[in-house]
Amino acid sequence: MLHPAQSLQRHGHDAAPWPPIDVCHEADAAGVALRCEVEPGRGGGRKGQRAGHVAHGGTSGVGRSRRSRRRGPGVGTAGQPGPARARRVRRRTNGARGCFDRERRCSTPTYRPALGGVHRARRLPGTGLTTARGTRGTRRCPVTVTWERFDDGVVVLTLDDPDRRNAMTAAMGDELAARCDEVAADDTVRAVVLTGTPPAFSAGGDLDMLEDLARRAREEGFDAAPFMRAFYTRFLRIAELPVPVLAAVNGHAVGAGLCVALAADLRVVATTAKLGLNFARLGLHPGMGGTWFLPRLLGPERAAAWLYTGALYDGASAAGQGLALESVEAAQVLPRTLELAGEIAASSPVVVRQLKRTLQASPQLDLSTALAAEAAAQAVSYGTADLAEGLAAARARRPARFPGR
Amino acid sequence: MLHPAQSLQRHGHDAAPWPPIDVCHEADAAGVALRCEVEPGRGGGRKGQRAGHVAHGGTSGVGRSRRSRRRGPGVGTAGQPGPARARRVRRRTNGARGCFDRERRCSTPTYRPALGGVHRARRLPGTGLTTARGTRGTRRCPVTVTWERFDDGVVVLTLDDPDRRNAMTAAMGDELAARCDEVAADDTVRAVVLTGTPPAFSAGGDLDMLEDLARRAREEGFDAAPFMRAFYTRFLRIAELPVPVLAAVNGHAVGAGLCVALAADLRVVATTAKLGLNFARLGLHPGMGGTWFLPRLLGPERAAAWLYTGALYDGASAAGQGLALESVEAAQVLPRTLELAGEIAASSPVVVRQLKRTLQASPQLDLSTALAAEAAAQAVSYGTADLAEGLAAARARRPARFPGR
Amino acid sequence: MLHPAQSLQRHGHDAAPWPPIDVCHEADAAGVALRCEVEPGRGGGRKGQRAGHVAHGGTSGVGRSRRSRRRGPGVGTAGQPGPARARRVRRRTNGARGCFDRERRCSTPTYRPALGGVHRARRLPGTGLTTARGTRGTRRCPVTVTWERFDDGVVVLTLDDPDRRNAMTAAMGDELAARCDEVAADDTVRAVVLTGTPPAFSAGGDLDMLEDLARRAREEGFDAAPFMRAFYTRFLRIAELPVPVLAAVNGHAVGAGLCVALAADLRVVATTAKLGLNFARLGLHPGMGGTWFLPRLLGPERAAAWLYTGALYDGASAAGQGLALESVEAAQVLPRTLELAGEIAASSPVVVRQLKRTLQASPQLDLSTALAAEAAAQAVSYGTADLAEGLAAARARRPARFPGR
């Protein structure tokens, strides 16, 4: 595979940590999301540390689970830069107030740079890139989906509940959906990366939640279908983003956790991560789109083998079977995914957003209809500044710098 | 691929042979099935032999064709256990009477253990498994589809006309369909394996039958379409079973013979078996679903190459192209397939049967409809004893033992 | 892969060159095709040379671009047979007259052997094959699509504008469509091979044309959709041929150039050729069916990676990803494709033409409808001389020689 020269090389550069975020977020025992409102205070960070996201793909972060980092003393010294320190952001609650009206959406901190006090933008020396980041909340109101934004338009969303191996709850789904809504509303975003705080990508549906639903179904005749449908919708909001989504499957991804990765456009998986849709081994019919995504990626035979046996496969085998674009060492999963995202961000943003819709429609179209749609989309392209730049760059034999309009 | 620890290890255990079956089955010259009724006698077997099905996957049976076994003397001694002896079941005709009303279905011996006299159940020492088996009929009324049942719910159906390389006739199709009807009516069956008596899996449509049809079409203007449609339906009854079907392609599978294997959910093929849809080389448009199954397994390009050239491929190449889950040595095809079937039988039977329907519908659904169907299926799961057991087993970190309800 | 013994072995045989073609064909500056009428004169050729098409797959033609051949002196001596000489056909204009009415179709020389003076049929010694060929026109009226016909029914169409790396214009599309119309009307054609005059297969849409369309869209508000749709239709005429089409991708194939190859049934690609749909890097939405063909060949994930990044891949990687049946050295691309075409030509022509329709319909059908269609197609087969021959050959264990009716 020939990679464009424009690879962003975001990695290995010095960056300052972000300030803590003041946030309040709660969920009831059954995992149903509660509404939180946030009036953030103002935090301070320390300089001289790498960005956390960049770091947890770096070698110095390998093999250290989140849990161990928490317990350990502050080790973010000059001799051991980065991830540990960057992750040990102090959590403040000053100024936070929560109101616990039950509703679907939870207004956790937006990733928008415009939102004062939540975060601070930092320039990555030597790259020309600026990033901004939203990170974890208070102990009382944990934030389970964090985000990071690079100013080439790549946004990283991270399932960030490592003590529970990023197991999925309705509250986490609400946060993810909220972040997706914000991304969808921002015309400057060019690609989204979804990953998990190591060591896992996601262990799948929270076991407490499943037990509660099973108990209510047996004892009360509770019909779980509407709840499940809404549960899927929260997480599969990523499939509706107007830009390409890349899953950086840094560790184990099982059950519904893998399904969310399958909903992305592209996947890079860790060679040793265990991956599978183990529903049939649990006694639960698959959900979260697993029976729809899997046959489309693996073909009908391998999908049947995965689903009927509920077996787990390592990332290298899974990628070989067609589940992912590539498998690389765990430490390289996020860097490699960011590299791919950077290639997409270097393409014409107008075309990429058009393509997202085109590729979603393509399987349902006959050739003739598809050709008519392509002709219409090309007619739009001819009038864009992106194409003018692209043609000029082709004549000059230089890389294009697309304005995105 | 990580295989669950629960692999059934049916192989290598001592088992007694089954008694002969008294059966009457006839077909007319054109291969149209005749109705047979059976009033079976009572046969006796000898102990100390392996089960035939297990055996023809075992090393001691390799390289010995059915034909050679027939001609050879009884060699089932302690020094050479099993397959030869197990296959040399005496055939009795006492008590058999046939009535030859022409009709579609042929009441060959049912596989149900409840049917007296046809067979006897045997316990496989050391495995906890009991098997029952139906085997060949009389010389006058050959049975061309035999069956074997393991009490973990795996049923093996065998195309059993080795002298004719298991070539397909309407009579064989009737037998296969009858066996499938019985399997479909049995809620305790968890998976079905389809294989052929070595050396072939199936040579495809019987050449006599094709010549007869061609002659009638040329000379009498006979429209063969209804006959062919009914011919497909008999064999493709396996595609309508409510449980997963695994094809153990132990040897050559050509033309319609391969199509039947393609109709299964999963395939394991012998590395050296020759596989192909050679219709275009014969001058006959493909049938038996070949033009439907093949593109869905191989993609449009390889399917076109296979069908336009009519070329044959060895099993290793075919599996590499996507025709089968795995290719293994001929002697390992049935054991490996039984291992996979055992993994499926260890999954929740409720979920597996739900999944069969879900995966058949999946290609036709859009994502939204598929999610609604998954939510409904999961709502069913929550009320099942299977899920209660699965959750309890997950908490206890032990394998689940699903009750199947 | 087991190849039939009937491989045609067209290569390495001595053949005479074809006479020049008297032809007039022009296009205006924007690449819009003009109508040409041809009243050809009569040319003469020299004997003792290989056919050009065979040659540019042969070793003696490797590494010599068309451009270098043009510039170089006549080197087609006995010591260096073939390609150089065969390609250095003299171009005559005597007798040609052009009329330049603007219309869609351009009556460039038909490939039909019946058309006097345009070409001369030659027998390939030792093969039993006769070939006829149409080649380049005058300097004033270049022919950009040449053809060659083997008398086993294989027709080779060549994108033949090597100085411009076979970039696609409306005029070239008109020629290709005209050749396809003639092929479609000829019941004796059994397979079509599409290739490009080395070194490229096709560089894609002509840059002048794109710039003109972009300028008109920006300055005049020109709606390019109808033009693009018609542009696709010209080239994708190859997807509507009633016989299999094989693309011999001998060199770089980029953008719309690759799309035309994707529209073929089968592809053989050069290991080192650069292949990709680089539209997003140019700022232009993909056209020419790229967003329809690619996901069907590569699956949704790889197609997304190709289209979003616009990356180029070498032929070996592309074939491994599923873009082509095989990748071979550039010099072997045409020979290997002709070998495959020969295998198809050795199959029953009746069945192959039926299959073309069946495989086009298959993706849209459910299994039951597909089975009904197969039964109807088989009923047709039973009455054919092809099947009678096929069955007789099977009984006699000899290769069939199908009459094609």
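Here the chain labels run A, B and C in written order, and each chain numbers its own residues starting at 1.
Just so we're on the same page, a residue touches a chain if its C-beta (ideal position, glycine included) is under 8 Å from a C-beta of that chain, and two chains touch if they have at least 3 such contacts.
This structure is a prediction, so every number in the text was calculated from the model and none was measured.
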item	value
Chain C against chain A, contact positions shared by both copies (same if over half, else different)	different
C-alpha-based rotation, chain B on chain C, 0 to 180 degrees, nearest 5	120
Interchain centroid distance [CA atoms averaged], chain A/chain C, Å	45
Residue numbers of chain B (touch at least two other chains)	none
Parts of chain C lying in touch with chain A, wherever the complex brings them together	207, 210-211, 213-214, 216-218, 221-226, 228-229, 232-233, 236, 239, 274, 279-292, 295, 299-305, 307-314, 317, 364
Complex interface listing, chain B residues touching chain A	1-4, 244, 265-267, 296-297, 322, 324-325, 340, 343-344, 346-348, 350-352, 354-355, 358-359, 362-363, 365-367, 370-372, 374-384, 386-391, 394-395, 400, 402
